[in-house]
Every structure is written in C-alpha cells, then in structure tokens.
Amino acid sequence: MDTIGVGLIGTGYMGKCHALAWTGVKAVFGDKPAVRRVALCEVEESLARRRADEFGFETSTSDWRSLVANPEVDVVSITTPNAWHAPMAVAALEAGKHVWCEKPMAPALADAERMAAAARVSGRVAILGYNYIQSPAIRYVAKLLERRAIGPVTHFRIEMDEDYMADAEAPFSWKSEKSAGYGALDDFAVHPTSLVSTLFGLPAEAFGEMRKPYPDRPDGASRRPVENFDVATVLLRMPNGASGAIQVSRCAWGRKGRLQLQIFGAKGAILFDQERFNEVSVYLAQGSAEDQGFRTVLMGPAHPPYERFIVAPGHQMGFNDLKIIEAHELLNRITGKPSLAIDFDTGLAIERVIHAAARSATDGRWVATA
Amino acid sequence: MDTIGVGLIGTGYMGKCHALAWTGVKAVFGDKPAVRRVALCEVEESLARRRADEFGFETSTSDWRSLVANPEVDVVSITTPNAWHAPMAVAALEAGKHVWCEKPMAPALADAERMAAAARVSGRVAILGYNYIQSPAIRYVAKLLERRAIGPVTHFRIEMDEDYMADAEAPFSWKSEKSAGYGALDDFAVHPTSLVSTLFGLPAEAFGEMRKPYPDRPDGASRRPVENFDVATVLLRMPNGASGAIQVSRCAWGRKGRLQLQIFGAKGAILFDQERFNEVSVYLAQGSAEDQGFRTVLMGPAHPPYERFIVAPGHQMGFNDLKIIEAHELLNRITGKPSLAIDFDTGLAIERVIHAAARSATDGRWVATA
Amino acid sequence: MDTIGVGLIGTGYMGKCHALAWTGVKAVFGDKPAVRRVALCEVEESLARRRADEFGFETSTSDWRSLVANPEVDVVSITTPNAWHAPMAVAALEAGKHVWCEKPMAPALADAERMAAAARVSGRVAILGYNYIQSPAIRYVAKLLERRAIGPVTHFRIEMDEDYMADAEAPFSWKSEKSAGYGALDDFAVHPTSLVSTLFGLPAEAFGEMRKPYPDRPDGASRRPVENFDVATVLLRMPNGASGAIQVSRCAWGRKGRLQLQIFGAKGAILFDQERFNEVSVYLAQGSAEDQGFRTVLMGPAHPPYERFIVAPGHQMGFNDLKIIEAHELLNRITGKPSLAIDFDTGLAIERVIHAAARSATDGRWVATA
Amino acid sequence: MDTIGVGLIGTGYMGKCHALAWTGVKAVFGDKPAVRRVALCEVEESLARRRADEFGFETSTSDWRSLVANPEVDVVSITTPNAWHAPMAVAALEAGKHVWCEKPMAPALADAERMAAAARVSGRVAILGYNYIQSPAIRYVAKLLERRAIGPVTHFRIEMDEDYMADAEAPFSWKSEKSAGYGALDDFAVHPTSLVSTLFGLPAEAFGEMRKPYPDRPDGASRRPVENFDVATVLLRMPNGASGAIQVSRCAWGRKGRLQLQIFGAKGAILFDQERFNEVSVYLAQGSAEDQGFRTVLMGPAHPPYERFIVAPGHQMGFNDLKIIEAHELLNRITGKPSLAIDFDTGLAIERVIHAAARSATDGRWVATA
C-alpha cells in the first residue's frame, strides 16, 4: 500500500484539526503509506467545495453516505456533532473503512455499544480522537509511572475547566438542553477519564455530583430553566485500592483549556496542566530533604515524538501537533505497528464510567462502573 | 486595664508560635493593653523553666491547673495535644479566663460541645487558632467577595495537602491509630472548612470519602494495619445552591503546606495557595477578551494589616506573623473592638461538618451538616 | 496566479520547519495562491530524494544552482549553514525568485550588505526567518504598545538563553571557532534585536561585552582554546532616550528556548517568555493599589492569527505554527497585501547593531549603531 | 554577660524592623545574653515616648548623643536617613558601643571610609543591615555553591526592581535631587552587590550605565529636571574570569520587592527571587536528559535557621524574620561565635564597587573597583 485514501466528514473546529493532521502527518513522521486526501463532506455543497480546496481534498460532497461508499476512501474522519457519530461510524465500518471518530462516541450508551460492536465485527481499525493522551508530556508521565519513578499510584486528582459557558447572561442555547446530554459530565469528563484509563486503568466504582451554577438563562425576553449540569464531580475507586477525583466545569471563569493532573504515589508525585502542556513537574522522595522539590521538565527531543517536530528542546509543541500524532498512531495501527490510541472498546468503557457517574448523581450513592 | 496577663500551656510547634505572637503583638500593633507574659506550663518542670526563660515568661510550672488558677493570668493559650483541649479550655473558662485554643477543638464532638457551652456560660472570649483566615491575602479575598467583584460564588474547590505521612515505610505511629481521629479529615479538613465558613458560610450537606493510601505500616519486625484515613474528600452543598469540594491528604509527596483555594463566581474567579500566601490571583470577566487574564496581586500596605508589619510592598509576611495577627484580634475582642476570629460556636459548627462528612463516608450517602 | 512554486534548499532543523510551513500554510490560512512544492535540494542526492518524498516535493536535486534556475520555482527557502546564505540568496534574487532566508544573513557584514543590495535591485520579496516576531503573543505585545497601554517605553530587558553549549566537557566543535562568528552575539542576539527592531525601533548606540565561560574545551587528548564568546551582553540606547539591555548565553544550563522580554513604560509593564509563548503578562498602573498586579493573558482567538489554527482559546500554538505564519506573511507580501516580516534591509540594520556591539566589546566604549 | 543593652535610633521603616528584631530574637533563637531594650531615640520627644512604649524600650530621648553615651547601652541600632549614618556610627564606636547600621553606609565614600576606620580602631562589632543575605534561601544557595553542586560559577545576573518612583507624574521629591546620591545605583544596587560579595566574592572591574526614564517631574505648577538616575546597569568582571550583570530600577511598574538572581555554573544553574524568597530553583545537569529540569525547593526545617521559626516545612518565613536572624548573627559576633554578617570593611568594599560603577558611567569605560 503506497497511499491511503482519506475521507473527512465535517470541517468545523475538529474538522479543521483533522484536515491539518492529514496534511502534515507524512512530512512530520515520514510515514508510509502517504496520505491521499480523497474526499471531504460538508452539509452545504458550496462550503464543501471551498473547504476541499483549502484543505487540499480531491473531491467534495454534501452526501456523507457517498463519501463512506467511495472505494478510494480507506479511512474516514468523523468530526460531526455527537449525535451523528453512531450512524456514520457504523456505516463506515460496515463499508470496510477504518474510522477516526471524535469523542465522545454518542450521547446514548446504546449507540456507543452499537459502534463498538460494529468495530469488532468489521475487523477494521476504529479509534476515538482523544488527543490529550498523545502529547510528549503525557507519554512521559506514562513512562514515569511504568518506571515506577513515583512508586505505585495511591491517589490522583484531575480537573478540566473552561469558561465558554461561564457568562450567566449568555442566551440559553441547545448546549443547556437535556437532549444535549448531562452537561459538563459528558462534554468534558470523558477527557480526564481517557487519561485515567490510559495512565491508571479503569475504575471500579464512581460517585457523581452534578450542579447548575445558573439555574436559568436568558431566552428572548424571559428566562428559561437550564436542563443539564455545567459543573460535575466524580469520585473514583480503583480496583487496586487507589482513589481519585475528576472535577469539571464549563463555567470556570479564567480557565481556557485547563486539564490539570495531580498524581500521588508512594515515592513521589507528578503534576501536569494542559494549559502548559510542554511541561511536566515531578517530585521524587529521594536524596537529602534540603534538595527535594518539584522539578519542572520542559519537553524536548528526549520526549518522543517531540523530536519529529523540532530537533531543539524548549521550542514548544502546539495543540494541532497532537492531532498529527493521532493521525500517525492511527496509520501505525492500520499498518499493524504498535500504536497508542483509544479504540472503540476502550471508548465504550470510558462512557460507561460517565453514565455510571450520572446514575450515581441521581441516586446519591456509589455505583459500579462495569 | 494597662496590661493583660498571659498564660501559655504547651511549648511545642504551636506553643512557640503563641509565645512569639505574645512577644511581638504590641510592637507590631501598638496594642493596649500591653501583654505581660505571666506563666508558662510544660509537662516537665525543667523544660518549663527553660522555655519560660527563652520566651520571656515570668514564671513556669508543670501543673496546668495552677496556671489556670493564677489570678495574674487573664488569658490562656492552649497548645497541647487535641485530647487536652476540652479539659483545659473548660477549666480556664470556668476560672474566668479568656481562651485561645489551638484547633481542632476536640476529637469527640461531645467534648467540643462542652467547650462551646462553657464559653457561652462564661461570658469570656474563647477563640480557636485558625490562623489561615488571618492573612492579608484571605482578608483581601473576603473583601473581593463582599465587593461582589466576581459576582455570587457558584463553586469552590479547596485542597490541603502535606507529605509528612507520605513515606509508606515510616513506622506506624499514634497518628494512625483510630483513637487519633478520622485521619486527614479532622487533622486537615478543619482548615479548609474554616475558610469555607469565613468566606462562604456554613454548608447544608456533605458527602465524604476517606481512603487509606497505605493499608499497613511497619511496626517493629512486622506490619500493623493503619486504622484511619490519610486521604479524604468532602463534597459540599451550600444553602444557596452553590457547591464545593474539599480534598485533603497527608500523604501528598511534595506538598509542604499547600492550601489551595479556587473560587468561581458569575463574573470572575479567585485563586490562592498558602504555599505562596503573599499572592492572590483574580480573574474578572470585564473589558475586551484580548486583555482578560488572571491578575496576580502581591500583598502590600494596601492589604491590611500588612502595613503594620512592613511599610513597603512586596516584602512578604511569614507564617508567624499570622499568629501575631490572631493575638491582636483576640485582644480586640477582649477589649470590645471589632475582631475577626473563629469563636467556639463557629468552631463547633466546623467540627459538625467534619463529623457529618465522616458519617457520610461510612454510610455512602449525603448527610445534613446541622 | 493560482499556484506558487516553492524550492527548498536544506532539510536540517530549519529546513524541516520550512517544509512543514509550506505544507500546512494553505490549509491553515486558506491562502491563494496555493503552494506547489516544486523542488528540494540537499547536499547528497539520495537524501534529497528521501526528503522530497517525505516532505512532498515534486523533484529533488543536489545542485542548488539548478534549483535556483528552475523556472517552476517562484520562491526559494534557504535553510543552509549561515556561510551559504549570501551566495544562494543573491543567486536566487538575480534569477528573479523571491527569497525566504534563515537568519542571520551572513557572518560578514559585507555579505549581508550584498544580500540587501541584491534584494533592492531585484524588486523581489526577500525576508528573513525571524519567527519570534510572528507569534500571537508578540503581536499582542505590539498592539499593547501601539495602544499606549503602558505609556511610552522607558526601559527594556531581553534575555535569550539556551544550554546546548553549556557542557564544559563537550568536545571542541566548529561552533567555537573564530570563523563561526562572535559566538552567542551573532548566534542568539539577532533574535532579541529583531524584537527590539519590531517593537521599539532601532537603537542609536550599543555597548557590548563578550565572555568565555570556558576558555578551552576538550579536543582529542588535549584541550583547545575557545575562539569566540558563549556569553554576551549588549546595552542599548534608543534615539528617544529609552534604554535597554540584551543578555544572551548558550551556556545557560536549564534554559532550553528562553527568550524573556521585560518592557517597562510610564504606565505599566509587559512580560513575556518564549518558553511559555502562549502567555503575556501585563501590569497596568490603574485603579486601586489593592487590585493591581501582573495579569497573565493566555493566547486565544482574540489574538490573531491564533484563530486560524484553533477556534477555542487556551489550546496552545506550537513553534512550527510560527513558521506557518511566516510563510503566510511571505505570501501576503508577494501578493501585495499588508505583511509583517523582517526584510533584508531591516535584517541588515539588525546585523549592524550586532557588529557595532562586537566592536564596542573590543574597544570597551559605546559605539553608534548606524 | 546575662543581658545586653540595646539602643535604637530611628523608628521609621527600618526602625520598626530593628525594634521587632530586638523584641523577638531571644524567643526565636533562645539566645544568651538576653536583650534589654534600654533606650530609643526619635527626633521628636513625644514620638520617642510613644514608640518606646510600643516597642518596649525602657527610656526615650530626642538626643541621639545621650543615647550613644548611655552606659547601659551596649549596642546601637542606627536606622536614620543615610546622611546620619557616619556621625552616629562613628560616635557610637568611639563610645565603645557595637553598631548595627542600616545600609548603605553613607552617600560619600569618604564617610564610609571614616566609618570603617572607626570600626577597626574600636575593636567593636560593626555590621550593616544587609538582610537579604540572611534568608534560609540565600544560605541554601551559598551551601549549594560551596558543595560545588553547579560547578564553578561562570556567569550571574541580578535584577532588583521596585516601582515606588515609577509614576512619572509623582511630584519631584528629595529622592530625585543630586544630593540624594546617584539614584537607583546607591539606593538599590548595594543589595545585589551584597549578594555578589557574599556568594561570589568581590568583582575586579565594573562598567556602569545610568538612565533617567523621566527627565523631569512635576514641581508645583511647573516641572523640574530630575538630577539623578532611576535606572542603572552594572556589568561586572570577576577576578577568576566569571562575569555578571546587575540591573536595578525604581521605576519598574509591577515590581514590588523583586530581587532576582540567576547563577550559571559549569554543571547547573540556580534561580531565586526575593518576591518568593521561600523558594530556590536548582537545575543540575545530571542523569537522563528526559528527567532534567529546574527543581523548586520550598524552604523548610532542612534549611537553617528556618527551623528556629517554624518546625513544619512549607509555612513561609517573612521579611521581618530576616531582621531577627540579623540580630541573632550580630549577637553571635559580639559573643565571639561564628556569624554571617557584612561588617564595615566589606560594606566599604561594596560601596567602592558602586562608586566605581558611577565613575564608569560618566567616563563610558570599564573601571577597576579596588
């Protein structure tokens, strides 16, 4: 296989990220096969054409089913709103395509299960766009844990906060409707849970709490009650006795893309924040007390795959680079090489945790996640 | 009253802090009445003598009851282990003394209730050593909240972590016995709760979770099961609909005196960490988006009572200075002036929250705190 | 013009950055004309072929003169060692090509002058790869200065430090030979000077000091004297009375890509560090003293051209993105649009400052820069 | 000697700091002899009385000569404006008293020389109030250097900045008169030079540059030219070939008590900033590249004399605590114990560096400091 044909559905926020990833991956990694940007789909024909031109795709369409059926397309990027993930992913897998689908899988657990089943049956590669696990920093954290640098993990805390819904007087939008999901829990908490899953394994039990910072929002001349929860907390119990907490908010003024990680082990601690994702802080309980402290390690060529992007240390990778790494890992998996990615089965397990937390929040008691 | 006579019981960690506070308070604040360091009590006679000399107390004793009975003593500092707080405080109050007692009040709720009752009956001033509420930084935070700078508070998170029990191989000590209390919950969480009480008011409901990072510890040649919990989390629901979380650990490698506060409101956010307690960060959702960010305010003469210590900004106050402020606030209260301090009634309410959280942790469900 | 043909000479550190920039620029900016990657040159034929495949160039060669002569090539990226810049740039310009040349222009001032003259004669666009001026952060700083947010600038300090030559026992290399230039002064100080030129204008006078942290380095079994200077300081006097300092070191252990900027004005201050180049800190002497502090602004869609890369704030841009912006600015200039870039004339002025500083260091007195 | 009698001249900014130091030193350090606060002098009789009461001094006077003559006084604290240091210190030494004098010694070098000569003749202890060298952090830095943790020092940079004169529209004051000295150079640069002297030894040559950010200031209805320099830079060459730079400004908006130190050695680097003086950052070029970074060490009981103030780590010392340490070191010296302090001879050497830098600034060339 000299080239691999790519189809892209959706060209919004994540759609552009996928487009840039497909554009850059070979130049960064020297990957084989080379990527052919075959087909792009947008809801509106003329927009599809414009984006295809901008993003360098050979053809465009407003009919996603035709893209999925296109025999030149080997792998389909799905970056549409969440409700579309299941039908598109299942159709693509049934058509024998590999799938790179944005997270979360689907608002309803049944749909996520259908997606995972379709992936299993298809024998194709099906992964989710959990980009945060791909950074050199998180890989370095994983390596530190594997090396047992901080001993066994005893406790962790993860916070993910943004402020895009923090304005109490922003008009009521579909994001606050019940049909949009639980709120911050499925919108955000899947990311921390992807880190938990990657770094520590899946939790055994969850306790959830969901809150409405603003009970209602302006809706024309009156106000409309908010139907889901902009703040959520999930306590986790791990099978091995460790414990953790995930706290998420989309009303956290000042937080723009925070995803803070605190990991405590029997011999040290690790800190990380996505808002400064080129840095990892490590505390090792070693040596003289007078010399101990958190060491801030700046990512560089010693932290793969940083060196594929820049050969000099301290030059910083960007968010879009993470998507390039994801595309590379997907190609690795397709070509049978070792690969780091969250596939549909693991993605399903992550969503089970989320649904368990939501159930727990309703019931006010601990709930098993499996 | 030209002078006020002070008696100090205990000269360990907090005992020395009280001694330094009594020594320095007049020179810092120019307070009237002047402090007379009358009597000091330690368990061992010769140590008591030595400390009295060092700390400038006129007399020493190994009999705390005689100190409490001393007619020259107007106010008693109690800095002994927690189990001694109740008998000493009650005796001092019954002898007509004012009391400055280290927190928490007592391991058993019944004892704390007895202390609060004794204070009420006595008509004397009885306060607890919650020093963290006294810093210029926390006073500035309180002022920001009063000014509604960040609008109504919707959510807060407080973490208090140290690592003094983080070494898994440190020998089993009395700190890990059931009789020492719940563990991190009463050892640490009273501090965050004192901040909650001071800044936001008392919570209505609590959910607790307590964990053992290390199930056992070395005990001679074998290992002994740990009987209480070095990690705890408390979720809080406030009467007005706001929510919060308190997370504490005494096994958090690298954390030395961390007490981090995140406060989110409808119009902004405030951050604070006791490890850098001369700084407060404030985010205001005002002006152009391009100019918004967290503003780190360094404490200075504009933040009382900093200016009593140093007239130039940016010169940093220390932990011991907080105890001097506490002593000053106690003198204010005794002399009928406005005063910021946590008295025994509020202290009792704080401990009710702690006990409710512990009960919740056992029962696995939300518990009312009052 | 529907497409523009690009030739790339050199595929090392900066060569790959150029390749990635040419690959991604259209997908990021939707630029017209589209970029055609026509020809790539490397010293060794087979490496040239491999890189052309990886980077998506249509043809490869080991003869840079043939690349420069290629009629399909409209613009030439020059990323070879500094000594090659002058012959290649001059040849390209004489062949009617636009030029994007890495900085600095040339070790010898006469060569830089020849390049600038060739550019002027050619009527073509000739810019230098000063990437640090292209970030949203530095553009935001420039905008703040234009808005007079901090009033007139009175004083600035810029430090640029790395540690790639900090190891005293690293073997003697060509970098330490006199023929390689002054050392840190031309290697690093051109970057700070590019910021000075962009933000404050050109200085009137310079005072230089150059130092050898290690007088000799291992060379086989013996040691060889170091011939140039790994540490340099340049004091600057601006025509309007403001003053500044540039400090550079390539032996600064722990510094990986530091480029710290402190700007003081009559009404405030601005801080920036390239190691965290998605952040700018601003202090405005406004409002109550109790509320003043440095505000850390995280780059986002409000800071162009961030929004072309990611639509959500706080997601971080990377170093390679800066090169994409540069390529975009070059295309803007070629197509006659407003553009931010350092052309050969400004580049020459920057190098005059460097040479003046070096002369000053030798003479031990202030030197005029023009 | 059971007690030592103290006289304090001046009760402003530094006067209160001395008073607090004398009040607290025994309780903190358990020092022998005990301090007797014998006499206090202020210009105005009634203020002297009030301060004596507040600060716990036995007697008060408005006649400094009588204080100096008082046979009960063994040591004299001099905290008056700089012009008074020389007559008071010389008189005190001639009267056989030990002296603790605030820095700098005197505006004129001749006066400083006179003070040093008087100290030498007297055989008494005479030290200067260079408090920044006394912190646990700076002592830890000194210890790291002694341990050769970062190898031999090759280069250092020190910045000291405040903003108390940053307001361009603040009225002209005596601080801007020529008679007040060079400006920032003698006002601030003595502190960095005290660190240089303590940590690296005295420099051999200096190059100075002094600047006026605001050429004039409001003076009633008109404006008056500023006569000295609010910004200064001093480049230093050390006898052993190392180099350094000192940069100071009293017009640096946003800087409140910044005193930043960067030390680069052949095997690592050390960072420190007085605005967070309970922290030291250390980079050691050891171990795997992937694990290297700056380690931020929080001061604690492992960093003497922190443990005399608080027994728990991470609790922060304050500025006033540094003065207590100074008083303790002075007592140590008086009682013949090892002691860290800058005596009049070293203080004189520091001022010679300052005067050399000023001369260099006038002459525009390097000047020898000795």
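Should a chain be cited, it is by its letter among A, B, C and D, assigned in written order, with residues numbered from 1 in that chain.
We take it that a residue touches a chain if its C-beta (ideal position, glycine included) is under 8 Å from a C-beta of that chain, and two chains touch if they have at least 3 such contacts.
This one's a predicted model, so the numbers in the text were calculated from it and none came from an experiment.
Common neighbours of chain A and chain B under the contact rule above are C, D.
Among the other chains, B has the CA centre that is most remote from the centre of chain C. Counting C-beta pairs in contact across B-C and across A-C shows that the higher total falls to A-C.
With centres taken as mean Cα positions, chain C sits 53 Å from chain B.
Between chain A and chain C the centroid-to-centroid distance comes to 34 Å (mean Cα coordinates, whole Å). Within chain D, residues 255, 292-294, 298, 300 each touch two or more of the remaining chains.
Chain contact summary for the complex, chain D toward chain C: residues 150-151, 154-155, 157, 159, 163, 166-168, 207, 209, 211-215, 231, 233, 235, 241-243, 245, 247, 249, 251-255, 264-269, 283, 285, 292-294, 364-366. Considering their complex, residues 12-13, 16-17, 19-20, 23-24, 26-28, 30, 34, 54-56, 162, 164, 255-258, 275-278, 298, 300, 309-321 of chain D touch chain B. Every residue of chain C that touches chain B in the complex is listed here, in rising order: 140, 143, 281-282, 288-298, 300, 302-303.
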